[in-house]
Structures are given as C-alpha cells and as structure tokens.
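The following pair of complexes shares a single chain, chain A, combined with chain B in the former and chain C in the latter.
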Partner chain A sequence: MTPAPLLEIAGLTRHFKLKGGLFGRSAGVVRAVDGISFEVDEGETLGIVGESGCGKSTTARLIVDLIAADSGTIRLGGRTLGVDLELRELRRQVQMVFQDSYASLNPRLTVEEAIAFGPTVNGVSVREATALAHELLVKVGLEPKRFAGRYPHELSGGQRQRVNIARALAFRPKVVILDEAVSALDKSVEAQVLNLLSDLKRELGLTYIFISHDLNVVRYMADRVMVMYLGEVAEIGPVESIYARPTHPYTQALLSAMPSMDPDQLTREAPLAGDPPNPINPPPGCRFHTRCRYATELCGKTTPSLFALAAPRHLAACHRAIPGSGHPDAPRRLETAA
Partner chain B sequence: MSRPLVDVSGLTVRFHGERTVHAVNGVELALMPGETLSILGESGSGKSVTLKTLLRLLPEGRTDVGGRIAVDGRDVMALEGEALSAHRGGIASMIFQDPMLALDPVYTIGDQIAEAVVRHERVSRAAGLARALEMLTRVRIPSPERRLKAYPHELSGGMRQRAMIALALACRPKLLLADEPTTALDATVQIQILLLLKELQKESGMGMLFVTHDIGVAVEVSDRIAVMYAGEFVETGSVREIIGDPRHPYTKGLLAANLHGAVKGARLDAIPGAPPPLDTVPTSCSFAPRCPVRLATCETARPPVATLGPGRMARCVHSAVAA
Partner chain C sequence: MSVTASALGRPTPVERSPGYWAGVVRRLRRDPVAMVALAIIVVLVLLAIFAPWVAPNDPYRSSMIRRLRPIGTPGFPLGTDELGRDMLSRLIFGARLSLLMGVTPVFVAFFVGSFIGITAGYLGGKVNTVLMRTIDVFFAFPSVLLAIALSGALGAGIFNGLLSLSIVFIPPIARIAESVTTAVRKIDYVEAARASGASAMTIIRVHVLGNVLGPIFVYATGLISVSLILASGLSFLGLGVKPPEPEWGLMLNTLRNAIYVQPWVAALPGVMIFITSISFNLLSDGLRSAMDIKA
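Moving on to the complex of A and B:
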C-alpha cells in the first residue's frame, strides 16, 4: 500500500462576489477556484502553472486560509482542518513565500527580528528565537554577522527572498508554498535561489508547492505538475509525462508558447488567439472551449471531469481523452463483456 | 552599402543627484533598416536607459549624455523644439511594458491615435481617425470600429498592448524602440504579440531595437543580440552565434540560468553574487567579481574588446587571447 499523501485537498472552492450596480447588488461572481482536488506527497514538489487569473495564487492562499474557502476540505498528515487539525497548527506546518519580497517583510523589523518574530509569538524565548534566526540565516546563505541587523531596504531582491525563505523555515514546516517566489528575481540570481531551495528541500525533507508561470523553471523543480485554467484543474501529472505528452489542448498551447531557444525552430504561429477570458461568469461546459481548436458542441455544454490517462497518475479534463464522451476524437468506450 | 538607421558611438549616460550613477559606459551600436537587435540584460544593466537616449527621454537636468547618437542620419543630441517633436513618434517611436502608462486614460483609443497622426502629418481629424482604424485593423484588434471608441481600461491586457503598438506605428516610424513590451503578458499572449511585431516589421521595413531580460524572447524576435552588463555591451553577435557559441562568461551564465534543457536534480551553474553598484566609472572588468575564469589582470585593467567578426565582439580577456 502506498502511504497516504501529506496534503489532501478536496473540492476546494472560492467564488468572489463583485459588488456594484444599483444599491450594491452583486454584479457577478468571480469563480476564482472552482471545486479543485489534488494531493501532495511527502517530499515531492508539486508545480502549479497557468496564466494570470487561473486561480493558482488563490489556491495557495486557500490552503493556508489567508482567504476563507467557500467549501472544500483540507487534510494534512491524515488530519482534517476544522475537525482534528487546528488552523494554527496547519499554518505552522504549511508556510508560504510570496513573489514580492519587499512587501512580505515589515520595513521596521531587522532581518533577525523578522525571522524570530513568528517563533516568539508561538512561545519561544527571544534569545532562543534569535539564535534560531542566526542559524537559519547561515542556512540560506546570508552571513549573520553582516545581515542580521539589516533592514529590508538595505538588501537586494535576492537577499530579501532568502530572508523570506528563512522566515518560512523558522516554524520547521513540512510544506512550503512558493508563490512565484523567484519570478521577480533576475535570471542569474534566480538560479542561485533555486539551488538554495533544492538544497534546503534535501536537507530538511521539505515538501514544496511551487507556483510559477515559467514552464522552464517548473520543469526543473517539480516532480508533478498541475495545470490550471479559469479556476479549474485542466491537467495534472508527473512532470516528464506532462511535458512529453501533454493531453489537454490548453497544456499543449502553453508548452508550444514557450520560446524554443533555437533560431532554426522559431514559432511561426501562435498556438492560441486572444486573451484568457475573464473568470467572471466563465464559459459553460469546458471552460477552455472558447479558445480550443478541437471544440465541438459537446464541449460548450458538458463539463469534462478529470480522467486518468494511460501514464500513471496523469489525468486530464478533456472530452477528447475520455472514452465514449461523444467527442469525435475521443477513443471508443471499452466494450464491457456481457 | 546602405547607411545604418541607428549609429551610436561612445554613448555614456550619467545620472547625478544624491548619488551619481554611471548607467551607460561606452556603448557602440549600429542598426540597419529592417533589422532587429535585442539588448539583453538584467535590471540595472542600462538597457532601457540606452533605448531612451534615442528619443531623448531622460530628464535633461539630471542626466549627462556623452557620445554620438545618429538616427536616420540626424544627430539626435542636437535636435531641438519642432525637430525633436518630429523625431519622437515620426522617425522613431517607442512601446513600453505597461500600456496603461503609455495610453491616456481619459481619451479613447481612436482619439489618441488620431491626435498623433494629425500632429505629425498635419492632416484632418477625419483622416487621422481613418488611419487609427487602419492601424487597429493591422494590429488585429477584433471589431476595430468599436474599439476606436473604447477607453484603455475597457480593453484586456493583450488588446491594450496591441493598441499601444498601433499608436506607436501610426506615423510609420523608421525605428521602433521596444522596452520589454511582452514582459507583463501571459505566455500565450506574449507569443502573439512577438509574432505581430515581426510581421509588422516585415511589412514596413522598419528597424527595431528590442530590450528584454528574457533570452528566449530575444531569440524569437531578433537578428542580432547585444548582451549588456553594468552599462556596457559585453558581447554582440547574431542570434545563432550568441546561443550556439557564447564567448563571454556572463553570456554563458545567462544561458545556463535560463534552465532550457537543464537536467532535473543537477545543480544549476548559477552566477554567484550580484551586479556591481555603478557609482564609479569601471576601471576593471565589471564582471570580474562574479566571473569563474577571471585572471589577475581582469581586476586591475579594463578588458580589451575582442573583435571576432563583423558585428561580433566580446569584451573579455579570454576572447582577446583566442582572437
């Protein structure tokens, strides 16, 4: 039997009501995250990719309850949030690093105060917490003697992100959610921070949820990848399988929109036309059908659910992959023996 | 042989204020009509500043610009008054990362494009609006008649970017300056805009200087690439040369950091450290403190410029030895 996953998310949903119109009546609903389910195994890195507005950051915030979910269950280590797992405990175990390294830090706290703050609030003595902060600074490659007393504005972007990582680690978390954590860094600095993240993962046995729009980075970092489109999971699977055999037309489009880095194989045709549609009142049926070259009438009517493909743990939500869905490209339904 | 559209030599830019910043330290640049050169660099490398000098967009009171800048045979530094206005938007035009800052929120898209055409070409407003409609059609904005009357906030991100391109190209400039125009866009929209720019360029024969930090984007749009570091071009060459045979250690580091084809689990060849502060004119190799193959001379003297072929150079002592 395989061990139970470390983190289990089921039916996670959050809709934002838009205020507006006469007397503040609701002017629409943003279906930011719409009933998504996934699991993260201990020690793995799950990459989440998708374009702006697809709900990847909202998903991250829902997991640690920075935004309250409308519905859905969150289980960590076999315990369910709100049943036998307290929010305080979940937040200690699941830490987050954000894209904006400057906005994430209190400008009035020095680096060591910022890292020690969480543990002191949780009952660790100031002296112990400061010692821990110094230890973590060493771990993230910042010499405590030079950096402990500095304020955020005295650091470069890469150094600030190292501080944010150190602060996340101060709780000895099991899971770290990295929400575009390296996206704002220059490429040469980004590579340094990615190396650091790999080292820390190995050394501390961490589990990562790695959210990024950069498919090269996700391919390098992730074990499994989840592709989101307008608040739903379009495809999820092992990184090799997704990159070699993308099944959902949206995943295919995302991958072929990546620059080739080869002057002999320049892109001649854009894989998709237009912008991603607004997540306010998304299209019915398959949400991608308005931009999909394979869409049929079926796609505009029926929502495809995630279907397990031939490769292990690889699922896609596309009628073309579901046997007997009625889509002309779909495989024939397996005849069951009478 | 035809004359270069852009001819820049010995360009230096120094900002003075509370502290002095030597943003550009001796850039040589030539661009032929119809050609695309990408300036590739990280934040603070001076790539956008270089671009802005070609339109004289830097605040003149706080900036010292040295060297020679010629666009279409005219000395940009000497332009004044009417001639400068005619240059901006007429001869050379610019597009930016954030179209919301480039477009005026209180005028419709049609009015903004028409205004530029009326001012530059002294035609009627009706003719300006007709050109606006033609431009919106050319940048493939769906239902262009309707968009003519739209305000910038009513358009999606990709659409706004197209509208800004339409505005920039409305007066048929000979040179388009593109400052990270696709950086804020989603991947599937980015490739649409890159292909559109290439196509418009082919139609009109204009030259393009394209500033980006993304090497993949540079490969996609350009004929040649100039890699910029600490206010200098450290390597130039054709796309093929830069990708296939990088000579400067910084270029090699950037290529490795792009992670294209990086092996999972293998350590990344990260460039250590960070770019230098630019408060003094460099007297040694600016990259030496981060360079894995530096020699003693790199830290004491300016590296020689090794010319490796036509339009191909590297500012590195190792290339000079090999050449």
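Moving on to the complex of A and C:
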C-alpha cells in the first residue's frame, strides 16, 4: 500500500462575490476555484498549469489560507486543518514564494532581517535567526558577507528571488508553493534558479507545488501535472503520461501551443480561438465546451467528472474519455468491462 | 524547532549598506531650497527658545509716548506697535506661541490620525467602513469653519485652540494613513508575513509602519503651515491667544487699525507667518522628493 499523501486537498472552493450598485447588492459570483481536489506526495513536485485567471494562484493562496476558502478540507501529513492541525502550524510547514521578487521583500528590511523575520516570529532568538539566515544565504548561493546587509533594491531579480527562497526555507517547511516564482526572470537566470530549486529539494527533502504557465519549465520540474481550466481541474497525471498522451482537449491545445525547439514541429494553426469564457457566469456542462472542437450537445449539458484513465494516476474530466458517457468519441462501456 | 545555525555561533560580520534614512538625509542635504528652509526654521526655533535673552526689550512694556514708531527708529529697529511695545521683541516672543500653535496640533493629529488610519487600513472590512465613514463626516465642514466652531464651543484659550486644531487635522491625516496602509497591505511581503503566522501587531510593527509613516509624516509637515495660519486666524478672531500675549495672528489683529499709519509695521506679523509657513512647506517638499525613491 502506498503511504498517505503529504498534502490532501478536497473540494476546495472559493467564489468571489461581485458587489455592485447601492448597498452592495451582489452582482454576480466569480467561481475562481470551484471544488478542486488533489493530493501531493511527499518529495514530489506537482505542477499546476493553466491560462491566466484559471485559479492557479487562488488555489495556492487558499492552501495557506491567505484567502479564506468557502469550503473544502486541507489535510497535511494526515492531520486536518481546523480539526487537529492549527493554521499556524500549516503555515509554517507550507511556505510560498511569489512571482514578484521585488514586492515580496520589504524595502525597509535588509536581506538577513527579511529571512530572519519568520523564525523570530516563531520564537527563535534574533541571534540564532540571523545565523540561520546566513546559513540559508549560503544554501541559495549568496555570500552572506556581501549580501546579508543589503537592501532589496540593491539586488538583481534573480538574487532577490534567491532571497525569497531562503526566506521561505527559514521556516523549515515541508511544502514550498512556487507561484510563478521564476516567470519574471530572464531565461539564463531562470535556469539557474530552477537548478537551485532542484538541488534544494534533493538536499532538504522538500515537496513543491510549482505553478507556472510555462509548459517547458513544468515538464522539467514536475513529477505530476495538474491542468486547470476556469477554476476546475481538467486533467491531472504524471508528467510523462500527460505530455505523451494528453486526453483533455484543453491539455492538447495547451501542449500544441507550446513553443518547440524543433523547426520541423511548427505550430501551424492556432490551437484555440478566443478568450476563456467569463468565470462570472461559467458555461453549463463542461466549462470548456464553448472552445472545444469535439463538443457535442452532451458537453453543454452534463459536467464531466474526473475519470481515471488507463495510465496510472492519470485522470481527465472529458466526456470523450469516460466510457458510456454518450459522447460519440467515448469508448463503449462494454469494452472497459471486458 | 531545531536550529542547526546555533552550532555556528555568532553570525559572520557582513558588509552593510547605508540604511534608507541615511539616504534620505544625504539627498535632503543636497537640496539647497530645503536646507535654507530648514535653516530658517532652526533659527526661528532657537529665537523662540532663547527669546528672553535675544529680545532687546520687554515685549509687554507699553508707552503712550512712542506709539507706532516706524521701522528703523533708534532702540526699536522694527518700530513699535499701537501700545508702544517693541515690535522686534514681540515678534521674537511671538514665535513661541505661534510655533507651538502651528506644530503641536499637527504632532497630536499625526499620532491619533495615523493610529486610526493604519488600524482602518490594515484591518479593512467593517472596521474600515465604520472608522473612515466617521472620519468622512468631518470632511463635510471646511477646516477653518470647523476650527472656529470647535474653538467657539470649547471657549477661547490656548489649550482649547490646540485641541480644536488637533481635531481639525486628524481626518486628513487618517485618510492619508488609511490609503497608504491599504496599498502596503496588498503587497506580497505583507502577504508573506501573514503566511509566516506572525500576529497582526508584529506585521504592522515590522512591515507596515516603516513603509507608511514616511509618507504620512511628509503629508503632516505640509499641514504645519496650514495649522500656523489657522492658529493665527483663531487668534485674530479672538478665539485663540488672548491679549496682551504676543502671538503673530493676534498682533496682526490688533495692528490692523494702524495699517494706514504704519503699514510696514502692521505687516510685520504677516511677514513672519508667511516666512514660517513657506519654510515648512518647502522643507516638506524637499523631504517628499528626498524620500521618493524606488526603495
């Protein structure tokens, strides 16, 4: 039997109410994250991909309760948040690194103060925390003598993001959520930081949730990938399986839009047309059916749920993959039963 | 939590960058206008403190014989007022009350207003609504009218004048504090601090105050000149300082009948109010640009 996953998310939901008019009458609801469930194993990297506004970052913020969830349960190491796991403990064990390396550092604090803040809040003496900060600076490849007393505006983007990683690691977390942590860096620096992240993961036995819109980077970093569309999980599975046999038409479109290094593999036609529908009033049925080339009447009516495919741990929410769903492309129920 | 770092002992010495405020001071010192303004303010403050030693005459001693002497009269370099008192001495002593009336209300309002604004801005939601809508009520009245109404209701006197001016300046400072805090609160480093499990008080102390007090302070220094003029206005109307105390606004009032006889002497308190308030304004501007860097 496989050990229990480190982080289990079940039915996580957050709807933002739009206020409009007098007296804050509700003018609609943005279904930013709509009942998503997934789990992360100890020591693995789960990549989360999807278009802008699909709920990637909201999911990350919901996990550490920076945004309050409407419903859903969060379990870490077998303990449930709000039952036998305190928020403070969860936040210590699950740390975040944000996209904007500049905005994530207080301009009035030196690098060592910024890194030491977390430990001091959790009861470590200032002196020990400072020593720890220096130790972590070495770990992220910044010489303490040169960098510990500097202010964020004196550092480059890559250096700042290294400081942010050190700041997150100062809590000795089990899980680090990297919310587009390398997206703002230029390519050569991005590669350095990605290698640093891989080294740290191996050295400290970390678990990553790696949020990105760059599919090449996710392929390099992740063990498993979760594809999100309009606040829902479209497909989730091991990285090889997803990249080799994408099942959800949205995943297929995303992957075909991926820039290729091979000039023979040019993207000749736009894989997807138009913008994602407004999440304020998501389309009924499968949320992707308005842009899906395989959509039938069924897709506009019934919402497909995640279905386990033949490949291990590979699930997709598409009627075409669900036997007996009624979609003309779907496998027959009998075939799977046989 | 085990800290392996403790095994390392004392942290290695590091190269330190000059802090933010060192940079502000350095830039401010390169600003000639701000430095002149600062020099004038320092001189005025020193004159106010050492008035008994600096002033050539007793500011209260009147004489019916030498009333309204012109500027340049021997023994009375700036002339005499309508009761024959030495103008120079009265202007020097006047700096005491005028500066007190100008600076104190802003100082008090800076603390109270910042407290209200930062609380409202950081907590947001209903607390923000209740606090800021209450503050908004005060914006319905023009500040001069509010100051006069409060002073009138509380009664004349220096303390009541200071109190009413403080109340007048709390709403604008609270509003600035609220908007700056609301902006800072949304920045990632505050989010990261919240995700660290720190209490609201710790986050405000470490991450919010350092980034909001500067802008609020700059705004408050800009209010000193307004306070000075309002205080003079209250005294002019008989709601602040009472005669025979030397205070610039009051002196302007009592000398106004002499404006056709000795216009230059009558204008002197106004000149002092002008110089002082413009100095505070220019210093505030200099401070704003010295602090306005990306870090």
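Throughout what follows, the second predicted complex is superposed on the first by the 332 of 338 C-alpha atoms of A that agree within 3 Å, B and C clash if a C-alpha of one lies under 4 Å from a C-alpha of the other, contacts with A are read in each partner's own complex, and residues count from 1 in each chain.
In the analysis below, a contact is a pair of C-beta atoms (placed from the backbone, for glycine too) under 8 Å apart; a residue touches a chain by one contact, two chains touch by 3 or more.
Since we're looking at a predicted model, the values are computed, not measured.
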item: Partner chain(s) touched by A:263 [first = chain B, second = chain C, both, neither]; value: first
item: Which of chain B and chain C A:310 touches, first, second, both or neither; value: neither
item: Chain B versus chain C as contact partner of A:66, first or second or both or neither; value: second
item: First, second, both or neither for A:83, with chain B first and chain C second; value: neither
item: Touching partner for A:220 - first (chain B), second (chain C), both, neither; value: first
item: Dominant toucher of chain A (residue count), chain B or chain C; value: C
item: Chain B and chain C footprints on chain A, overlapping residues; value: none
item: Interfacial residue positions of chain A with respect to chain C in the complex; value: 61, 64, 66, 87-88, 91-92, 95-96, 98, 100, 103-110, 112, 114, 117-119, 121-124, 127-135, 144-154, 164, 167, 171-172
item: Sites on chain B touched by chain A in the complex; value: 42-43, 142, 156-159, 186-192, 194-195, 213-217, 219-220, 239-240, 243, 253-254, 256-262, 264-265, 267-272, 274, 290
item: Complex contact set, residues of chain C against chain A; value: 1, 3-6, 8-17, 19-20, 187-189, 191-199, 202, 206-207, 210-211, 294-295
item: Interface residues, chain A side, partner chain B - complex; value: 51-52, 156, 158, 186-192, 194-195, 198, 213, 215-217, 219-220, 239, 253-254, 257-263, 266-276
